[in-house]
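For reference, the structures are reproduced in the following blocks.
Look at the two complexes coming up: subunit A is in both, with subunit B in one and subunit C in the other.
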Partner chain A sequence: MQDKYQSRRDFLKKMALTGSMATLAASPWLSVFGQNSMAGQKPSDRVRLAVIGTGGRGKQLMRHLFELKASNNVEIAALCDVYEPHLQEAAKMCSEQDIKPVLYRDYTDLLNKEKVDGVIIATPLHQHAHIAIDCMKVGIDVFCEKSMARTLDSTKAMYDAHIETGKILQIGHQRLFNPVYLEGMNRIHEGDLGQLGQLRAYWHRNNDWRRPVPDETVAMDRFINWRLYKEYSAGLLTELMSHQIQVANWAIQKTPVAVTGTGSIVFWKDGREVNDNVALIYSYDDGTQFIYDSMTSNKKYGLEEQIMGHKGTIEFETNRYYTETPPPAPGIIQMINDMESGFFGKAMIGGASWMPETAATYNGEPIIEDTDFYDTGLQLEGFASYIRAGRAPEALTREGYNASIWTLLGEAAIETGERLTLPEKYII
Partner chain B sequence: MKKVGNQNSDRVHHNNAFLMNTSLDIILWGIDQETACDVTEKIFNVIKNLQGVLNRFDPLAEVYRVNQNAFEKEMVISPVLMQAVNQGVRDFYQTKGYFNIFAGDVYSSLKSAPGENVNLFATALLPEGLIEINKTDNSIRFLQKSVSLDFGGVGKGLALDGVSSVLDDFNIQNAFISFGGSSVLTKGHHPHGAYWPFSFRDNDVEGEVWPLVDDAVSVSSSKQGSGEVTHIFDPKTGRVETFQMAAVQCKSAAIAEVLSTALIASPQKEHQQIVGNYNVERWELFQER
Partner chain C sequence: MKNIIITGSQLKREFFIWFVSFIVAVAVNVYSIIKYDTSWTELYTHLGYVVMISIMLYVALWALRGVFLLVRKIARKK
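Right after this comes the complex of A and B.
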């Protein structure tokens, strides 16, 4: 990561070189990147952060913070986790970076004792809401991993706390900071794909999704493998699909009006409660559909979001754009024009364009050429910048909220077998 | 399927796709849009299926697998490939060996290192010395390690002959189908004339109109691409012969392709005899000016 990490400055330079400044203009959450003096190096400019939840994702976010802490004048002031091994592993990582954060086992102690500007919440899903709300209520800005919260009500409560306190609530949808998505979305919104009809997305893996458990107790299994139990997670929906419905909403620039779905435990019948096989259809008021499926017993098709319009298709995960109509060969347009205008002139079409068969078939075109950006790092740079600026673009919070709400409504649609619309009280 | 233009827009249909590494343009007229869509989808499928057999670079394609294994063991092949192989044997003799589907590796070597010493062993033997064909059980076996099937010089022609059958099945009276301008198939005529007025887009060889009615045309050049890389050689000497471009008109797109390639590859003294072995309506060779 050291060699490949590209900061917001590289990112801005790249976007400018590729003529993508329109993309920046269309993405208000990136405007802060354009402010030259945003990361002052004085101690008083330093952004003090705490990381709450230092498991796998929390440690991954910390690695990004290590990369950007100097250039962004960010300090990791405290770490918190209820699980001692994770806390100690994170502390060791910091020690290797000559960072000495204060360690906490209870986040309320952290809030009482530390004066931090922002927290990064990477706990299991069911703990997001109360921690985020408590942080915002004591004046701390929040970066929270997706999905926002475990229930519709707790998701709304998080959003309400953000509105009431005026504190930043940024949800970790890193694709919002990914140049491939930014450029692709700009093309979609400029009409390059024409009228969108269907958006399809899938996330297929072939593993049991279990993490090793230190002992054989049920309690520890539920603690470590929280993603498999409904009390803590909606499984594939909150952990995977929430990313992709955010992409769909972003592409369509709307939120759905209804969802239907089905799900089952078809393969991993090992005591888990969440489905290992789901399929949903989200409908939008303009007639577009977002068709989703996810499973954990086949990985052939992997991960993709396909945005399909009448002029073209974008596949984001593989950075491809496909036109529905490749340019006609020379002379063809002239002949068509002649045919439609009643003119009978010679068609200058014949030419020695014989091409050898090669390995290349039409594989579309890249949306952008250079994809060596770490969107997760960029979104953390954004978080530090928003804290320093005192506010974050509201669009960022709304993207996270709507993705989370509709993910959870998808879960309800699967469980009830009904076509569900969003209750008025959750509409923002 | 795009309806084109203002006048007669309900009758002229254009669609295109990138297939066989070339832009395929389909122009139909005199039919309704629904039929045009059905025909176009069928054409795309026929070509994709053939591509899945003949592509020697795609590990999933039949020819790729045959090239990898047929020297080591006898391989049962599809009827489509068997037909293409048998036609390749006939074309070998009818072109006096100047069109050779069995020498893929030789051609690859010549293309990658033109002018250098390339082992021409695979092009020095007759097909019987290169490949054993068992028509009883549809199997083949390569008799020399250097044998490699290569349908690059005829693939689009075979595809267009398949397209011709599709058009007949749908009773399409008027069509102009072009693989990048180098392989063209026509049915019927232009809506405002008695034929399709085919001509060349290269100003250096711009000539009179070739009237096409239910005809195919193939145009081959000794060089290809913006880099002007030589890609058709005399398989017997490895050298490039005199003419830079050949155009052949006949009823079969595959035969037109075979001949346009063979005429570029062969010495001038062989041309009349090679062409005489086929039923050709028109052919012409062009020198670079």
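Right after this comes the complex of A and C.
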């Protein structure tokens, strides 16, 4: 990544230079980027935002907002957090940027006293729904971090509030704004990969999610380490997989019809309630399967989404495209290889007629050359643009909703050990 | 310590042997392009491989010549 923040204008210029304008046209939520005009600089054009939840993710989003301040006429007008150390740290960050937001400890006070255009919600998962719904009901547009909500019902309630109020509800799936994904998805949807068969994704870490707690009380542990307790989080599923099921749905352009799964606590046996090891299979009505696993005790394979069609494969996280018919090796290399195998012979395993079908060494090609974009910044830029336009593409909200719903259904499949389909009341 | 003197004619001869090796390596590249039906651009895009093969051939010839000289020297002593 480069140091300089690349805005939507840089993004547009580079897409035009690389002939990828079709990608823009194919992504409805980027149409606002195509309206290549600068945000007005008058005070009346300013988008006033509040950040609710100023922990790690909230502060990360604030750093991106600082970048947008001048180019997009965006102002952080208020901050809110129930945890005083986080609130003060966020206030200090703002002060270093010469920004003086009003501080709140209760989001209802913020809603009563501040006239903001939009809120950014980065609280623990179980608090997303009621805060987002309250904001939309008083006429404030909402950007909410993924996953949408802790339960199926609260996720649906958020979506219903968005429909009833007409206010923007954008969920923080930043890959929707990532140029690598945009170009890759365009190729998939144009049929470059042929018929998709399997999509595989994984997110492997080797670390303890438990964070230090200022005092030893159980209440504070649950407050700080909310990701480890089922009351507040579905662990790996809502924190990590929700991003990747969104990518799978986006690639297939459908939502699953069923999910099965399993999970366990195999390594971090420290009193946490969420699994540290999960595996799920999502089935789609065209026979495509999305196969997922995640763990926190081995990081050799890291993170990836692999989209596999009969003509090619895309690996998004590493920005690679692999055709199923790679160009042949140069003649001289082929000859050397043939001489080598003629001289040394082949290792036979399991009998003379069987050769191990290991993958051929083929490095593929990049999906796009320039990856120096911050997708999180671009999605916030999108949010500011949508607020100005007074609406956001519905497809954006639906992506977030479906990812969240199927993440939670995956959790239920693990809990029950059954193959689950989506109850009709949650279909939108 | 004994000084080793390499004469101009010896240098010319060694260069000529390497040059022959290089021509043979180019011929091998041409043969492989025809055999595997690959692009003729490999004549220059894979020149590095050709140079490497020519050096390997030269070293192999150098070793063979060494063995030949050693055998001849032993035979003459007898």
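Definition applied: the second predicted complex is superposed on the first by the 388 of 428 C-alpha atoms of A that agree within 3 Å, B and C clash if a C-alpha of one lies under 4 Å from a C-alpha of the other, contacts with A are read in each partner's own complex, and residues count from 1 in each chain.
Basically, contacts are C-beta pairs under 8 Å (C-beta built on N, C-alpha and C of every residue); 3 or more make two chains touch, one makes a residue touch a chain.
Because the structure is a prediction, the values reported are computed rather than measured.
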item: Per-residue touch tally on subunit A - higher for subunit B or for subunit C; value: B
item: Partner chain(s) touched by A:G287 [first = subunit B, second = subunit C, both, neither]; value: neither
item: Contacts of A:G390 with subunit B and subunit C, given as first, second, both or neither; value: neither
item: Contacts of A:I332 with subunit B and subunit C, given as first, second, both or neither; value: both
item: Partner chain(s) touched by A:F343 [first = subunit B, second = subunit C, both, neither]; value: first
item: Touched partner set for A:P212, first subunit B, second subunit C, both or neither; value: neither
item: Common ground on subunit A, meaning residues reached by subunit C in one complex and by subunit B in the other; value: 328, 330-332, 335
item: Residues of subunit A that touch subunit B when the two form their complex; value: 325-332, 335-362
item: Contact set on subunit B toward subunit A in their complex; value: 2, 4-9, 12, 14-23, 25, 27, 29, 51, 54-58, 111, 151-153, 155-156, 176, 178, 180-184, 190-193, 196-202, 206, 209-210, 217, 219-221, 223-225, 231, 245, 247
item: Touch list for subunit A against partner subunit C, complex; value: 328, 330-335
item: Of all residues in subunit C, those that touch subunit A in their complex; value: 28-29, 31-38, 42, 45-46, 49-50, 53
